[in-house]
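Below are structures written as structure tokens.
The same chain A turns up in both complexes below, where it pairs with chain B and then with chain C.
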Partner chain A sequence: MKDLTKESFEPLKNKDIYQDTNSLPLFYRQNLAKKFKKNKLAILSLIILSIIIILVILGPFFVPFNYYEQDYQNTNLPPGDKGHIFGTDSLGRDIFSRLWIGGRVSLFIAIIVTLLSMIIGIIYGSVAGYYGGRVDNIMMRIVDILLAIPGLLINIMLLVVLKPGITTIIIAFGITGWLNMARIVRGQVLQVKEQEYVLAARILGADNKRIILKHIIPNIIGPIIVEMTLIIPSAIFGEAFLSYIGLGVRPPMASWGTLASEGIKAMRFYPFQLIIPGVVISLTILSFNLLGDGLRDILDPRLER
Partner chain B sequence: MEKLLEVRGLKKYFALNKGLFSKGSTIIKAVDDVSFDLKGGETLGVVGESGSGKSTVGRSILRLIEPTAGEVNYKGENILSLKGESLRSFRKNAQMIFQDPYASLNPRMRVGDAIIEPILSHNLMSRGDAIDKAVELLEKVGLDKDYFDRFPHQFSGGQRQRIGIARALGLEPEVIVADEPVSALDVSVQAQIINLFKDLQEEFGFAYLFIAHDLSVVKYLSDRIAVMYLGEIVELCKKEELFENPMHPYTKALISAIPKPDPRIKEKRIILKGDIPSHSNPPSGCKFSSRCYCVMDICKEKHPELIDYNGHKVRCHLFSKGGENNGEISSKENC
Partner chain C sequence: MSTYLYLNRYKGDLIMHRYILKRIGISLITIWLLITITFFLIHIIPGEPFSNEKKLPPQVLDNLNKYYGLDKPLTIQYLRYLGNIAKGDLGYSLIYKGRTVNDIISQAFPYSAQLGIQSLIVGIALGLTLGIMAALHRNKILDYSIMIIAVLGISIPNFIIGGLLQYFLGVKYKLFPVAQWKGFIYTILPTIALGTRILATQVRMIRTSTLDVLSQDYINAAKAKGINRMGIIFRHILPNSILPIITTLGPLTATILTGTFVVENIFAIPGLGRYFVQGVQDLDYPVVMGTTLFYGIFLVGLNFLVDILYFFIDPRINANSITGDSL
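== the complex of A and B ==
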């Protein structure tokens, strides 16, 4: 314990108390970094995500194998055997490099789809909720109609029109991914726009754009982030499904989804082929969720202390 | 002093749909034919029970609610016909202070941002000047300038109400509608805020439309008082006149209900029967007739007009021509 001297009981000077706030240039400094450092789970998840992203970018260069070359002498090798860090699959391809190459596809799809869903969903939902009345009715009926069409049907229709690939997957998710976001945002906007501070902002002369951007969206960021963390895993798994029905990436190209579904086939005899991509997918999704949770808390000024 | 605001025949009706299987709708007369003037620098208190339409009047004047009919003239210009940009610039002159200081500040916005927002929205000055102005305003309403960088949840109700006032002052308005600004605060804080209202009025000279249900608060602050009942003004006169010589039976009942700080004063309180009647089915004739202790036959048949009795306006058959007192103030006890 620290020694207590007489000086310990001196009152603090004003400038010590207000060191963050009492000078004008610091008025707008956000203490977000400080708050982020206190949130251990968020930091941990950020570290895990960074490692995964670094491996996804650089991983394939660490090993002398590439992701598509087949080696029939060395199929289904266990992890660590003959320089294959994660072993090989039933065609003798190196799982380590396939995992990170596949991560590129999966993460790219997850991030693009999430961003797309967020942007469309927030704009659509807040316009419908804020303007209300007939605008709201028409816009939300369109959403209802799109939600009523089974996703599988849309995907098969797309399969007829477009050729399989990442673009097709993004389009397929683009059509349906933002619908839930739009509904959630609309519901939240309906709730928040009746708050007195929105009314106050209107009297004080703020225009609609400013009210939506400065008063409504910051107050509904919590549910938006929660919904966002749900879109990421659904995009990763959705891609696996689309690849399975032949709409996604084509072999020998890999994705986390295709790796997992190939792993299932070999689960009984070579469980590592399922466990390895499974663990990486789970870690990624868990990290995104925890990071989202942390972000929500950090962005909420009411949880300052 | 010049008339700032002229309200003439203001009405706000709400249509209440009866439901899926019955046709038609009931009309709720939340505000029915309200007229008054507000002069520069004066305070008009508006009192009444819950549901008497006080807040609806305040909000209609600022066009937060679209009135059904009537006129609101600000310096001779009818603001009910304003649209878009001209409505925004009118609102620069008329501001509002809200009842609930916990709901009227955006929890995600720093106090300083909340105060400079209106100044920037109206392009009154540059951001740097607006910050200086906001710091000045914070000190004017009795807050430390260090609070600039804090969030609303770090403040008590009274401090938040001060922030709300500072925010409204930034636009240097001429009219401030205060919608029960102290009813959410406890009594000691109420006194501070009311005194702040008074000091600011002396300094800036704006006019208040002060809405409250607490007569003692209104008595301290107002020059004139309007008493509302079921969407109508039933009495409107100078403060002293209202407390010394209340005419309408409802006003008398309200005044008798103010608690007296001296326990030795034994005054008979006038207890009104029942509750405020439903808006959808008000009593015929005088709307107060169902609860009035001076009720006469004519009250149930004919709706009384607002009669100007030497500047003391009252809506009661006791004082109308042909009524019991034939236009004279009654000497009967309580009536």
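== the complex of A and C ==
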């Protein structure tokens, strides 16, 4: 038998032994796809979202009007009149093109905020969870304290003080959006880091960064995706809310929130101006929520009974 | 045996005291952080406070700055600000001449509180009923329809619900007054607009917690004893399903607060939310910051109370479960 020296128990130095083992096994992926196909509501919401996203990208090209040109001869036209599919607003601007341009702004904000929250949340949460002990204690206490301050109040204050606009809205939401993600990631990391494959990777000489990136995060991607699909609707919701109270994007730029708040002003005589953006906003948030629920059912094994 | 029990209880008391102290500490740090953030945000704003007024002679400007303590270094101003807030003084409004922020809050908050409490009661009562019904008819049509209502309620922003209610029930069919706040009938539409979201979040949670309760042994025991269905629902399911509502009381109140910002504007209710939004639009910084602090402290205090309350109400939460990382 080979002599065991102290060096035998040192982690290997040579990283080339390592093979890429982090892709999900085929049967697991097929299983997920099968489960997803069974979830009709999730499929339906995915279809609705695709339609909305296509319209947001291509919609403005379908009509000969742009979103900012005012036409005082043709204000408050009802839907379908004079080629305006959704009519015009109180300044004679085409609501159809404003709706999809506004969608670009709203969805852009939502997606960037979600990515930002995801990146910060994953880094923060996995560092706290992985290193544990005092680091974890201090980092999570900070999150607890930040979570105790109502996020929307902070967002409003920031927007009042800083110049309103897309960037400011993204910064304001980004500051508060990652907190929940960090908590979720940290909880998951705490569970996963005790698994044998993490130990195996460490014995093979993987450093902390590699273990976190290649072994831990791929294994907790389910809850992260679910949380992401829930941040998107809350960001759309939040943007609409801020626009409603006058802290959204500045005219002539439009967002779904500004359209709805203009709609409420005109509602008494032209209810379609509220109903059209209202339906699109609600449908989008609804679809993301349903998609998130569906993904949770599929990706969270603890829910299986 | 009895010594052991005594010791155990003593240990529990000790842990509970430590828990309460820790909670007080965290709440105070949160409030201090909130105050500090508001203070420094005010001072990020470019420009001098009196630069908007018509051209003032430099002497007058100096006197004004002196009067408001703006000639002092920032640290002194910060300490004064802390001191004023400790005394409960939130300063003067810039728009409503001569009115203090305290004055505005004490006059407007009762309207918001009434609206909030009404929608909280309606939302929780309906949410509880629907949630338990959904759980009892799990995976049947009733369950699905209730869950559709719930997910719709979460997905439709309350200014759209409010606007549509106002148009259809107020303008078109004239069932309710369109706006203003002059009696109970005026409160109905705003309460629905605000309560829908509460109802929707509650239904989902109550359904989950009731499903959990239904799988417990004591429900089987109650059934085996021959207690009828209503008895089981009211005596065994209801009290246990209510518990999780208490933990969500904090976030729920935050939802209501931001809801009042919108609903009070749509329905022209003279509550604090309306002043807040007006303040945001007029850049009335003292009102915005004062209201933010007021609401922030209110929420932090409420969360603190909820945590302590939960400890006393649910006997299953023992000392062990709170000393861990669930804190």
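Everything that follows uses one rule, which is that the second predicted complex is superposed on the first by the 185 of 305 C-alpha atoms of A that agree within 3 Å, B and C clash if a C-alpha of one lies under 4 Å from a C-alpha of the other, contacts with A are read in each partner's own complex, and residues count from 1 in each chain.
One rule holds for everything that comes next: contacts are C-beta pairs under 8 Å (C-beta built on N, C-alpha and C of every residue); 3 or more make two chains touch, one makes a residue touch a chain.
Please read these numbers as outputs of a predicted model, since none were measured by experiment.
K.L.:
Could you look at A:191 and tell me whether it touches chain B, chain C, both or neither (first, second, both, neither)?
P.N.:
neither
K.L.:
Which of the two partners, first being chain B and second being chain C, lies in contact with A:154: first, second, both, or neither?
P.N.:
second
K.L.:
Check whether A:244 is in contact with chain B, with chain C, with both or with neither, and answer first, second, both or neither.
P.N.:
second
K.L.:
Could you look at A:201 and tell me whether it touches chain B, chain C, both or neither (first, second, both, neither)?
P.N.:
first
K.L.:
Which partner does A:167 contact after superposing on A: first (chain B), second (chain C), both, neither?
P.N.:
neither
K.L.:
Check the contacts made with chain A and report whether chain B or chain C touches more of its residues.
P.N.:
After superposition, C is the partner touching more of chain A.
K.L.:
With the two structures laid over each other on chain A, which partner does A:215 touch: chain B (first), chain C (second), both, or neither?
P.N.:
First partner only.
K.L.:
Please indicate which partner A:70 is in contact with in the superposed arrangement: first for chain B, second for chain C, both, or neither.
P.N.:
neither
K.L.:
Can you name the residues of chain A that touch chain C in the complex?
P.N.:
Checking each residue of chain A against chain C gives 140-141, 144-145, 148-150, 152-154, 156-158, 160-162, 233, 237, 240-241, 244-247, 260-261, 263-264, 267-268, 271, 274-275, 278, 281-282, 285-286, 289-290, 293.
K.L.:
Under the stated contact criterion, what part of chain C meets chain A in this complex?
P.N.:
Contacts found on chain C: 26-27, 29-30, 33-34, 37-38, 41-42, 44-45, 151-152, 154-157, 159-160, 163-164, 166-167, 171, 254, 257-258, 261-262, 265-266, 277, 280-281, 283, 285, 288-289, 292, 295-296, 299-300, 303, 325, 327.
K.L.:
Sort out for me which residues of chain B touch chain A in the complex.
P.N.:
Checking each residue of chain B against chain A gives 62, 64, 88, 91-92, 95-96, 98, 100, 103-109, 112, 117-118, 121-122, 131, 145-146, 148-151, 153-154, 164, 167-168, 171.
K.L.:
Hey, which residues of chain A end up touching chain B in the complex?
P.N.:
18, 20-22, 24, 26-28, 195-197, 199-207, 210, 214-215, 218-219, 300-302, 304
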